[in-house]
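Pasting the structures here.
First subunit A sits with subunit B, and in the next complex the same chain sits with subunit C.
Moving on to the complex of A and B:
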């Protein structure tokens, strides 16, 4: 191994001294050969967040499809996806294994804010790409301090700023009550909302109530928020608590305009337990098309996605938007590797990841994936949608944050 | 004023949840003089059994009864297989076994039923009584069920021979054995009853907090606070403790310290009771001769 990295360093040095012609030669970072690219990943296949494990399976299926089609520039993807049980110490262990023993070119899509926080400094110290992390925290888009880390989905703050924009346009004298989880995730949303409202925030936000993940219910918080006389309710909660909040608000006769964070967008595990008729009129924002929406049946990109699921991941749920997420983010990585050509060093991977401009058909119209050396937030637009009792119905144009 | 009333009633509703869990904790304690940390997960698992039965097409009350029976037998099996070998081990070893049970049941439930949140049906009407917007019919019904279970327990322990034998076996195993009580089976019976009460609690809790493998993790802590506050050897005290903790938590959280510190209320209650009045508000003061 050591010998190879010396050769590598020599090759790099040579590349730096020579100019244009040298770039056309093949340059490989760790984990790359003429026939293979090794990609590492961690996912919560077990433990409390294992519902998200399906994302890793969808990604593995996508790379199987790519390999069946001949790979990327002739190289097959070797996708090594390990279970971290959503436990940050375990993530560190698995990622070190991927980087130091498996010698992967990059770590793609490790899932979870705490898990990614645990490896953030390590990846940047080792100069290994931590690419398209599966979390919406805002800190992943900081190329100045963490040039080896990049997010993918819109950040929580960006999403909250979109709601703020919508409120300022349509309901400028709204009185807003916020329920949020008392951690980084909840506070990111709260900050985004306040930033988006600007100097009107102090006047418009009339009540804030937090909950802890150990709380059995959020009933008491909803009662307090109702008491504030708010006519807009911003629900920043994970699925179980979001469902409780929607039901409790309805049951105590509080009918404000409800904004629901994208985290709890699932009809099956949030709105159905809360009660579909109690959820009518709720507004949320998404950047993906909704695979459960019958309007998408004739959409060519969605047809392609369905064919992919049938062939490569038949045991996965076609209506679960986590699978669509895994498919689209894997597509983004494939694009980066394609752009890299034969220059598959870690440096060049980050350089190409910072030069993306694509519009996958599985995203809402108007939503693009764009990056630049100073912009490490690939997806920045979302489209609002309203629940009609059966499905989310998108309305208006895609809104940028 | 209206808001305060609302907080109190909502506190009573959650207090009912704590009360039912506290009752199951007291039950195990009656039989074994130990606190079972896996009580919540046992209740959660029973609730999943009920969910599976109902999904399979069984009417609610049939599933309810069958789940209680299965849980009762399950509790006995756990005692015979896991707890029995620890009978003469130090308390700490039993505690480790309880924690092991907790982790195993949680993971197995997640593995079989997935971690996706599920809704669990309520046997009570969806419309609130008298069109009130303070407390749902299910919450009232759950409080009622808890009180019925409490009454049944009281009758069982006070007026039946079996109940008397169970109390004796826990109180003084040696003398009980001398008068012909099968102490080992009394312990197993205690576990069975606790599991059955836990099943009732789980089925009453699930429609309120939704069913997932981590459903009971937060509740168990409040259940401990309730049981300790009321007195860990007094079923009625534990139920009352549940209501007190529920209301206290809401009112203190909403008006005094903010919602961030709601859980702290429960912890303060636990520590406060243990230091100031270890027997709880209604518990008997135990004096042992040394």
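Moving on to the complex of A and C:
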């Protein structure tokens, strides 16, 4: 495919003019010189979501490492990361600054669903790559309508489809009860589960209960879900509510197979407050390796990651999987730029981003990053893991959505 | 001082000097306006966009200044009216295909009513108690916008994306330049109206209520109705600003209108200068640009730098930028000779 377009371009160039050497010449978009590539980014370094700011710092550290190693094809990365305070109007302002003032080649990893929604149209009208956005919504993989925007992590729907697949394989007569947050995030999961179960969804899902973020507890929802006689409990809740749900289910003597969404995977902020012994046996899915898992100690990729953290981001928490996330997504961008060679136009960046096939060692075995011109969902597999009272223990193969 | 409020008598008393001063002032304002019109053609479209936002903030600050500066009621909740204005513009444009300019008066009117209704019970609250009641409004706003029964209108957490308007009549200017000029026109209109309102009988009544409510009542001013109306008009200004801001940003979402926005408005009013019309412009420039300057100075602690700026402003210019400019201008030597 690519070969052919090169030949075509070569034939065209040769036919039209005598500047055949121009082919070998470098092609640069905005923000690129022989020595530098400018990359823009926005992150919530302040404001309500500032805990995620560490992702931006890990990415900046990764690019520092790349630069120390001589850059990408001889060009240093100039990573300009601005604070948007998780406020969409501020994201618009900062992204316009990056595109119109700093003249960046592309905008990488803006964080947050509302923030990315705010710049979605702008980026596509301006034809500036909005690459590997840091949100789990499903709408970022739509190359037909938004060819300049691409997600990275598995979408909420994809994750839910993975649980559906697992249930169909291992527990085809399951009676499923779902607790979900009543917003786009919760509904995305519910839709994914139903899509994954297909015709059997109506029969298998025996109860659904939703809660509002403003609710004080989800106790009454759990009681009513138990009353449905379900033997599988799908917990689609943010950390505080997920912990309440796990604790309440245990306390009222309801012991179904529990599936917990990846959003609330944190042992420290979910399972510990819920009670570690009450959380034994819960199943979730992840695409990353767990940096807190002692099993990873001898893993070469994880050793490399620890060395990186020690040298380039020593103030960061080596057990925080947000840092591992930043490290791996920055690695993905580095791969795209490497593939671009000396053709660093915005068009070519999107073209190469849509021709990825890599398996970073920081992801679970079997989880790959693959894209194509019609597939803008880089990560599609996850691996299931079970909580043993101390840590998440992965089991089985990676499952694709 | 009273030259503008009672022109007839003042001119008679001060003679030609007064007329000359007014002419100078008029010429100065005209020059300033000309500069403002030319500005978007001299800077990049990104800066034109920032200036458009600053103009929208200036209108909001003017509204809040009427309430806080002139009438003495503290509001920590004007972000809510800004949000209402923004959402009205967004909903009318996306769901009812209204042209952007037609949404502005509707946003203003809805906020006038909302502000008036909120002002009625708030009458019983004075000073800090009113500040707390309005603070509650600001805290509640983002969550109310996410309320599920309103979701069909507000788009829930996802918000609403607006299409940026094109310049009319095929004018050969960019969308950003046009939007700036449009916002500038609305801002000039709103400032002229505010000037007329505040320098007239109503304005004196509003100030009298702030300075001495009992005396004002004795003079025959209906405190209750004036205070509620001030609240309403103040909300109207903020709503118009919200609509303009939303059109410029092309997006509204609950997270855009958090408590910090309301606090920023109060900061802008105080930094710009309480009870001063021009102060709204200075305050708007402060809240629009100082966070960016702070971010440029230190990536690690931008809000600490912001705090330093704020303290420095309050220390060096206790009456706000407008007060500082006024007293500096009064000391200019040529000003003295003009008077004599």
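The definition used in the following text is that the second predicted complex is superposed on the first by the 378 of 401 C-alpha atoms of A that agree within 3 Å, B and C clash if a C-alpha of one lies under 4 Å from a C-alpha of the other, contacts with A are read in each partner's own complex, and residues count from 1 in each chain.
We take it that a contact is a pair of C-beta atoms (placed from the backbone, for glycine too) under 8 Å apart; a residue touches a chain by one contact, two chains touch by 3 or more.
In this text, all values refer to a predicted model and were calculated from it rather than measured experimentally.
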* **subunit C versus subunit B on the shared subunit A, clash or fit after superposition** => clash
* Asked: If you stack the two complexes on chain A, which partner ends up touching A:306: first (subunit B), second (subunit C), both, or neither?
  -> neither
* Can A:92 be said to touch subunit B (first), subunit C (second), both, or neither? -> second
* To do: State whether A:100 touches subunit B only (first), subunit C only (second), both chains, or neither.
  => second
* For A:48, is the partner it touches subunit B (first), subunit C (second), both, or none of the two (neither)? -> both
* Using the superposition on chain A described above, determine whether A:386 touches subunit B (first), subunit C (second), both, or neither. => neither
* Asked: Which of the two partners, first being subunit B and second being subunit C, lies in contact with A:251: first, second, both, or neither?
  -> first
* Asked: Looking at the overlay, what does A:117 touch: subunit B (first), subunit C (second), both, or neither?
  -> second
* Please work out whether A:183 is in contact with subunit B alone, subunit C alone, both, or neither, and reply first, second, both or neither. => second
* To do: State whether A:269 touches subunit B only (first), subunit C only (second), both chains, or neither.
  => first
* Following superposition on the C-alpha atoms of chain A, which segment of subunit C from the set 2-10, 20-28, 128-136 or 182-190 overlaps subunit B? -> 128-136
* Structure fact -> The shared contact residues of subunit A with subunit B and subunit C are 46-48, 182, 212-214
* What part of subunit B is in contact with subunit A in the complex they form? -> 2-3, 6-7, 10-11, 13-14, 17, 107, 110-111, 114-119, 128, 133-134, 136, 205, 208-210, 212-214, 217-219, 221-222, 249-250, 253-254, 258-260, 262-263
* **Of all residues in subunit C, those that touch subunit A in their complex** => 44-46, 49-50, 53, 143, 146, 148, 156-159, 161, 163, 245, 249-256, 258, 260, 295, 299, 302-303
* **subunit B partner contacts - residues on subunit A that touch it in the complex** => 46-51, 182, 209-217, 219-221, 223-224, 227, 239-240, 243-244, 251-253, 268-270, 272-273
* Any idea which subunit A residues touch subunit C in the complex? -> 45-48, 82-83, 85-89, 92-93, 96-97, 99-101, 113-114, 117-118, 120-122, 182-185, 212-214
